[in-house]
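The structure appears right after this line, and notes come after that.
Per-chain residue numbering starts at 1, and chain names A, B, C and D are given in the order in which the chains are listed.
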């Protein structure tokens, strides 16, 4: 029972979009559009699972005065303030969208934090390139040469250096050998994903359900 | 909110930016502060987003409006599935949570499978069928691409030991992969630098310049 | 001199040089020219082939973190479409800030084209939740997917929404995308509804999209800031009036062409480090043998 | 061309469009108007076809009664030859006629109808995809049942799998912990499901060796499933008492805030081994480069192609694309799953054969295979 019901459901619900892909009839397509929004709702309900865990962990950190506990206060305060201004509109019905403070906090605090964290990548690509692009063997040398050619091809400086030859060369590299390899990986990975999907739909692969009764 | 000709928000923004950048030197209390604040605020942000952009328009509003119109009562199904997720907390009925997971995973797996077969495998296979007898340089490049696709697919072939001719072909496949990885890496550096420019141009143009010029 | 020590130089030295390289052109732009490539030319030519009787959908599928790359792209494309008086429907699929991108970009560019009529020449339909669901539903009716525009005004009766009913009436979809959304337009909308799709993406996604470009599932791919700079260049060459806009000082700071200066410098720094690393690598190997 | 249409045409016969013909008026710029339910759609379209030449402007008119009031649906030109009316109500019967102006006179063609849009039961233009899907299902089911019968299937050693075991071993020797990052997408992504089955294998190893493991999560559904998976692995390894709730934690839903927390953990807690397996985006390099700098052994695996170059350059071993799925089947201990790897291989052979045949046929001037592979 406890395993059969979920497996039967996976099969039925999993075959539905496959069916709907080939059957245009409105009876099928209407339901399919509904399912799209329904599952977004299910996913929304999952968020508290994470919130409960995070809050619990940090509260116990503060209680036990574990190292770095003051940072847990910062975390919980940030969470509380942001969540409050996020939901207050819906709860009181006062705002149709977000509380203006919510948008301010996002624009001037969350968004710059995101952007700066993201921008660290500029430094990391540099250090990774320095370390990884060494002509250790044939494969590494190919990797190194392709990288340098494309880097030079992307910047105006490369063309200045070679009389305009770098852009066409790097385009050729992107459009021919790169595209060929990408295509090989795309086809392979898509087949892998399709066979994994079939395993899940048919109930052959069940790790995600947990094994116990 | 105008302090020194620069709004307090710009100061906050600049401070948090510098806190994160300081991690490049080493882990420090400023970074730790920003990181903790970031974790908390971002989760709070998503609580707001999910409530306002998903639950409100897709669940709460339609149910409030009318229970019967447009089959709105069917919305009780995803709601029930969502609530089932919480059964995890009660050991005796924890298995019920699986029902929600089964539906969620089943649906997306079906959708994605069709998308991969229809949108990727078939068109990419089709496009590998290229003319090789037209003469000229294009035919040569077409042959190169075909060899690339075949050799990479052979590299991913698991049923045979990679020895002999298969071994050689899969080696060629690895070369193609290496060209692709190198080229992609080189290509992407630009994207990453753009991000840094965005931050620096904020610090210079919105924060420091106005401070200097008054 | 200890070569092995040089081989493993402190990452922080690299970080410092990268930071300096990024700062210089921001303070003082240089302005090196770029050469347009085929994947970008594809979009330019397509837009050139369209006129006031055609409609284009531009979808803002990115958030604040991709602004430095995709804003200059969006500006050049909007200017180009508006100059040719092509009808433009603007929308957003990216949940985290896509709609803000659309609002800011439209506000900025529409001010340069006072002759255009909102609701007839262009419309900002705003954000629609659900990822692929609205993309599919637009094949049936755009008006049903977007009953109101971004301001909450009813789209019922707007000439552009009345006349451009679904993908059949759309000549081209341009997605300015980060992550997977650009791909959806190709393997879902182009594959299932046969609308030409062009994608302007961050440079990360571009290498993969070359495969889609080859198969013409995407008629054009604009990769990152370089793609933006190329498009800017093409538009500036053809339309002196637009070129004049880019000469204004406040625009110069953030244009793609200026950004390419920073790119040049940092790319050269990284290449120099790679070359240095390899010299040291071979030197230490020689030393090891000796 | 014509050969290809035989199969879809047979299926079309099941849903023969009900069409009605109008009269040809002598000397008119358009004639032979016919209207029929648009085939292979969800009942939202009526297709009109006519014969006509030149850029002669015409109007498509519609009414619900043959002699009723005709409203303009759209403008067209004579040479268009067809129009799909998507503004119909499903099931309502309509009449159509074309209107055009000659000199000062407005003339109309004979009305055709009644015609109604109805939902159809098969997308004829997706026959090839249907065949492909059926073949894929057949291959997987076939090889899995072969494996079930106990027949030995040869699968070459996947070198990434050794790397996984060695990486766990190293952490055990060093007495430090293992960090397992299951990607940043939800369970709606197939890679995440693959990642969970690899996690199960690794958690069993850590249970047996008594190594500490931490699984920080970005997605709450994955968090919940990962906790279940790890708990189960400890149970099956006979060490349920060693499982601790803190092993699987939730961090935050934001991609970069998640990356910030994980990198901080990597620097502060210095795990011996990092596994980065699942679906990754821009954070891939932030995580992998920080982990590398912190001196960890790293094994990555993803089918997100844009991130592969970064993992390849910063990790000790990377499972590329399809290898991720193969590894998850390989590791899940059940030999039947090996059947599905075999199925993937056969699918590749079939595809290569189709490509090869297509290329040869194209060389001889026939684009038959390319044509049938055109998808919509």
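One rule holds in what follows: contacts are C-beta pairs under 8 Å (C-beta built on N, C-alpha and C of every residue); 3 or more make two chains touch, one makes a residue touch a chain.
Note that the coordinates shown come from a computational prediction; the quantities given were computed from them, not determined experimentally.
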Path length in steps (a step moves to a chain that is touched) from subunit B to subunit D: 1
Other chains in touch with both subunit A and subunit D: B, C
Higher C-beta contact count, B-C or A-B? A-B
Take the average of all CA coordinates in subunit B, do the same for subunit C, and state the distance between these two points in whole angstrom. 17
Rounded to the nearest Å, the gap between Cα centres of subunit A and subunit B is 3
Could you grab the centroid distance between subunit C and subunit D? Build each centroid from C-alpha atoms only and quote it in angstrom. 25
Geometric centre distance via CA averages, subunit C-subunit A, whole Å: 20
Could you check subunit A for residues that touch two or more other chains and list them? 18, 21, 37, 39-40, 43, 46-51, 54, 110, 113-115, 117-118, 120-127, 129, 131, 133, 143-144, 147-148, 151, 154-155, 174, 178-179, 182-183, 185-188, 191, 193-194, 196-198, 200, 208, 210
Counting only residues that touch at least 2 other chains, which ones in subunit D make the list? 42, 44, 126, 129, 133, 136, 187-188, 190, 193, 221, 224-225, 251-254, 256-257, 260, 282, 293, 305-306, 308, 310, 312-313, 320-322, 326, 341, 344, 348, 351, 375
At least two partner chains per residue is the criterion; list those residues in subunit C. 11, 15, 18-19, 22, 65, 129, 191, 204, 206-208, 211, 214, 226, 263, 266-267, 270
Tell me the shape of the graph of touching chains, choosing from line, ring, star, complete and other. complete
Partner subunit B, residues of subunit C touching it in the complex: 12, 15, 18-19, 22-23, 26-27, 65, 67-69, 95-96, 129, 186-188, 191, 202-204, 206-208, 211, 214-215, 217, 223-226, 253-254, 259, 262-263, 266-267, 270
Show me the residue ranges of subunit D that touch subunit C in the complex, using the header's touch definition. 42, 44, 84, 86-87, 256, 281-282, 293, 305-306, 375-376
Going by the contact rule set out above, which residues of subunit D touch subunit B in the complex? 126, 128-129, 132-133, 136, 153-156, 158, 187-190, 193, 221, 224-225, 251-254, 256-258, 260-261, 263-264, 267-268, 306, 308-310, 312-313, 320-323, 326, 341-342, 344-345, 348, 351-352, 354-355, 358-359, 362-363, 367, 369-370, 373-375
Sort out for me which residues of subunit C touch subunit A in the complex. 11, 14-15, 18-19, 22, 32-35, 37-38, 64-65, 97, 129-130, 132-133, 136-137, 206-208, 210-211, 213-214, 226, 260, 263-264, 266-271, 273-274, 277-278, 281-282
Where on subunit A does subunit C make contact in their complex? 33, 36-37, 40, 111, 114-115, 118, 122-123, 125-127, 129-131, 133-136, 144, 147-148, 151-152, 154-160, 164, 167, 171, 174-175, 178-179, 182-183, 186
